[in-house]
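Handing you a structure now.
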Amino acid sequence: MLDDADSAITRDGKALILAYDHGLEHGPVDFEPVPETTDPGVVFDLATHDAVTALAVGKGVAEAHYPSYEDDVTLLAKLNGTSNLWMGEPDSAVNWSVDYAHDLGADAIGFTYYGGSNNEVEMAEEFRDAQEAARHRDMGVVMWSYPRGQGLKNDRDPKTIAYATRLGLELGADIAKVKYPGSADAMEWACQSAGKCKVVMSGGSKASDRDFLETVESAMRAGASGLAVGRNIFQRENPEAMLDGLEKVIFEGTTAEEALDAMPGAESEPAAASDD
Amino acid sequence: MLDDADSAITRDGKALILAYDHGLEHGPVDFEPVPETTDPGVVFDLATHDAVTALAVGKGVAEAHYPSYEDDVTLLAKLNGTSNLWMGEPDSAVNWSVDYAHDLGADAIGFTYYGGSNNEVEMAEEFRDAQEAARHRDMGVVMWSYPRGQGLKNDRDPKTIAYATRLGLELGADIAKVKYPGSADAMEWACQSAGKCKVVMSGGSKASDRDFLETVESAMRAGASGLAVGRNIFQRENPEAMLDGLEKVIFEGTTAEEALDAMPGAESEPAAASDD
Amino acid sequence: MLDDADSAITRDGKALILAYDHGLEHGPVDFEPVPETTDPGVVFDLATHDAVTALAVGKGVAEAHYPSYEDDVTLLAKLNGTSNLWMGEPDSAVNWSVDYAHDLGADAIGFTYYGGSNNEVEMAEEFRDAQEAARHRDMGVVMWSYPRGQGLKNDRDPKTIAYATRLGLELGADIAKVKYPGSADAMEWACQSAGKCKVVMSGGSKASDRDFLETVESAMRAGASGLAVGRNIFQRENPEAMLDGLEKVIFEGTTAEEALDAMPGAESEPAAASDD
Amino acid sequence: MLDDADSAITRDGKALILAYDHGLEHGPVDFEPVPETTDPGVVFDLATHDAVTALAVGKGVAEAHYPSYEDDVTLLAKLNGTSNLWMGEPDSAVNWSVDYAHDLGADAIGFTYYGGSNNEVEMAEEFRDAQEAARHRDMGVVMWSYPRGQGLKNDRDPKTIAYATRLGLELGADIAKVKYPGSADAMEWACQSAGKCKVVMSGGSKASDRDFLETVESAMRAGASGLAVGRNIFQRENPEAMLDGLEKVIFEGTTAEEALDAMPGAESEPAAASDD
Amino acid sequence: MLDDADSAITRDGKALILAYDHGLEHGPVDFEPVPETTDPGVVFDLATHDAVTALAVGKGVAEAHYPSYEDDVTLLAKLNGTSNLWMGEPDSAVNWSVDYAHDLGADAIGFTYYGGSNNEVEMAEEFRDAQEAARHRDMGVVMWSYPRGQGLKNDRDPKTIAYATRLGLELGADIAKVKYPGSADAMEWACQSAGKCKVVMSGGSKASDRDFLETVESAMRAGASGLAVGRNIFQRENPEAMLDGLEKVIFEGTTAEEALDAMPGAESEPAAASDD
């Protein structure tokens, strides 16, 4: 971790990463709740919100839209990813070279790492190449650290999440993105394990306004540096209101309650269990 | 997608790609209905028709014939492909380097991508290299996006085709070539999923004049940018008449009916189910 | 296929390639019928016969002998090959780089391609690299096109041989070497399938003078451009006489009968079924 | 082994390597006995102790902390390593290029080698590249030589450990790190087998002060050049005291008894059997 | 084979290669009969004997000792090799780059080739790279040609050994090292099969003075160019005497009897069947 290598994608050390790689990872079904989000332009517009410190997208989406937003959006190049049409051992194709991402204007790279997969060794070596190329270009490095594979029964186990953030530190990420491990204590352990590597919580599938903000508040109090969020923004009817709320909790340190008070018409229904 | 990266192989944003890679993919049996089409020269002649915006062929065929046609035909280098003598998990050999294709005069590359295959990750990484090399050379990129593999029961399912076009967008193609998903609604979804990536319908196996043109009309109205066609041209007795008809439907926006009226002696018999 | 890329190894568009890679592919047992042919020098001497347009050997044999014959023999570098000690899925090691072959004075490369093998994709990509390196060096390209593998019941089926020659054309060979498909009609189909790619018949295991020359005559009349021959030359007591005969049939267009008349003491016994 | 290639990480030919790659190899559970050791800074502070000749850490930990310690700590870049989330055949990902390690200030590299694993051939070739790159940069080379795999019933067998040190010599390490083979005689054989390659004992899991120092004394008398230690330092309440003791045994050649006498409040309870 | 490429490791066309890669291939157990041979320096001293034309060792042993012997010993860099801790399909790791071997002063390379192994294709391609790099550096090339694998019942069968030497010729070795095939006739066939590639007999496991020298005499009379020997030298009480004897048989062309007469106290007990 180079000094301030992540500064381009954080503000005051905090990050709100808007992630929009669902078209590759899950397919267009993820856009059905709010069909206009099929158009990447809609999400690029959201990414101009003050709260968003970076937008994570794949190469093709960046090629098609980033040129129109380069003054207003910070690009986080999500380097690897694979469709869910394929159902083999967890793996992820590297779809984008770091040099090309840099040429397109990216300030940081994102990389999925499936610790525990039979492909872990290969993924680690691909991460090495990407991480070192990013260092060479002064780009930040974010690891989507998602332990997965036959040896893992519960991918939100506190020990597993603490290991996941540690892998971010050990392998050279500036920021590790992990699932919320279910409790503030577990999140605190995960943040301590990461050392100087920052930790951001993965937004996961859509939750009610209250549930979601309370989880984010809990993560922030436990030492997290922010959030990487997709469906909990773009599957909402009023995504800007949620970005306003997240800005309060993440950057101003308010409670979820205070944030909700400032969000007229906040939703409260829960959501299904799938995850980013 | 770079601005106008595909302009060399489109006209007014529309494309009619004549594809002639059947000798590699299916073998010479595909030429039996019209034996003279065994000679690539016959198909290069067809490609000089005004309606054709690009001819997609493999390296050896291009080496042998393109030098005589470079003023009259736009070359789309079909980079990968494999014989059907081999019956393993869907895969495709990269038979042509982008640099060599560029040296031969190609304006764009074509690449088959089998999402859902056990070889998806490897194919994605081969596509990455080809796509970035094409960008470096200012060449257009067309993805033959054909989900395939054990997890896929129906490769024309609307959700699958919408995912297929989205993969074109996400991975950085200018144009995604997909099978017709059976209805105008499904095609519309597929075109929306592709965002700024254009969609062309795959011609498939030979159909009657009417059936074929009506499907093309339906695809165009649903938002497609054109057609990539092989057997429905070169297996016809009068391929020029069909090219005339396609020119009307694709570039002039007529109905299939109007196009048929202008095609004396149009056929109407149906054809078998296999596909390009 | 570059214009005249094969001209160094053809004469008037016809080729008689003397092949001597049996020491690698079959081992020294192939030299037992005429033990002095164990010495490559004996075969290099034969290759100085006017009828021979190129000699195909492996790297080590070329290193050891070609320096003494470079004024009198045209070298075709057989790039890949593997011993028959190994009995796995059809494959062939690339034993020679194109650059090194060029440095040794080779005018063309030879490459075995097992369409239908589980290794087809890998072999195609190795062929791509070799073919493009050969183009860069202005060397001719000959494909030993031998469909093989579990999906293939009969490797001399007319459809298979026509596909084999087509693969030569599609992938960028100047000349495809295939087994004789059993009839003049099948050979004609194979030659038409190859388009501008020339077709040479594989000599196969030793046959009687008459049988062999009649097959060559038949192939030539069907459109073949010549012959690649090994055992039917070097396993004969009088190989020069057979080269004289082949010169008549291949380059002068005589019948086998005319050629035999000019060969005193021609043999007529048949031979076993194994093949080059 | 270049002359004095290891001199940067030895003193008078002796080495005390503090190893801290447990966060990657075992996960944060290894820090639970002394939670503050979760913070790499605590271990970097320990590494400033006079007795420590090098600190072995992974890339990310080095990036985060080494810049603050480069005047006081000698960096040994532990190039490969893998989480224990994965439970396949012994293997280790190369997470760090030698050039990048050199740029960060590393004086030597560390490399795990699992002789006997199905991945032995691949690991040997990765070691070759790393070792030769290190020679090019005048960096020392330490092999974590840990025979492992289905053919090995006892990874502390005297013959196995003697083979392990010999592999260090044969493949070009300056120092081989091996488990203690259980007796002074076995350790002596291992040291003789290594020839000019130095041998350091692996510290293993936590033992009592007495047991640990006596084993180190035994190893030193058998010809070892020192120790590579992790948990037996950082899992202690008073790690500095143990470093004082090790300094006596390793660099001053005292007995364990003499060293213990100088360590007030030395522990004596035994520990479990797992190993570094 | 370049003219005289092997001259640095032969004298009058004859070779006596002292091989000392047993520490890698077999482990330190091979040094137990004469424990001081654990120290490579002892074997380097033997290699200064006039009879020895080259010493074959691995990279680490060469790094550690060759700088002190470069005026008195010719270095043959044994590039590949693997421990017998691993028991999978025959394979061998390439532990040494040719460039680095050249920088250390090696005049030739040695390469193990397991024809018949499932890894034959990969080994052949590794050999290709090494062989061509050696040619570029004007270094000699010795192939340890050891057919092995499930298809081979008897690795000393005359046909197998003749194939083994032929592979040396075909793939570009200057010298092929093979096991003695059991009879003078079989050895003669093997030498003829090799053409201009020289053949050296592998010393194998320790035999009595008489048996060993008689086998060497037989091989020389059959056309061999010498011997590559390890255990039959360094496992003897008086290795210099045996080197004196071998010098007579190999370079002076004496009988084994004459050589024995000049060796006071020659042994005559037989030895076990294992092999180099």
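Note that the chains are named A, B, C, D and E in the order they appear, and that numbering of residues resets to 1 at the start of each chain.
By definition in this document, a contact is a pair of C-beta atoms (placed from the backbone, for glycine too) under 8 Å apart; a residue touches a chain by one contact, two chains touch by 3 or more.
No experiment lies behind these values; they were computed from the predicted model shown.
Taken together, chain A and chain B share no touching chain. In summary, no chain was found to touch both chain A and chain D.
Taking the mean of the C-alpha atoms as each chain's centre, chain A and chain E sit 59 Å apart. Remark: chain C and chain E have CA centroids separated by 36 Å (rounded to whole angstrom). Not a single residue position of chain B touches two or more of the other chains. Around the ring, proceeding from chain B in the sense that reaches chain C first, the chains are ordered B, C, E, D, A. Against chain E, in their complex, chain D makes its touches with residues 1-3, 115-118, 120-122, 124-125, 127-128, 131-132, 135, 147, 149, 151-152, 159-160, 162-163, 166-173, 189, 192-193, 195-197.
Interface of chain A with chain B (complex): residues 21, 23-24, 27-29, 31, 35, 38-40, 58-61, 63-65, 67, 81-83, 85-88, 91-97, 100.
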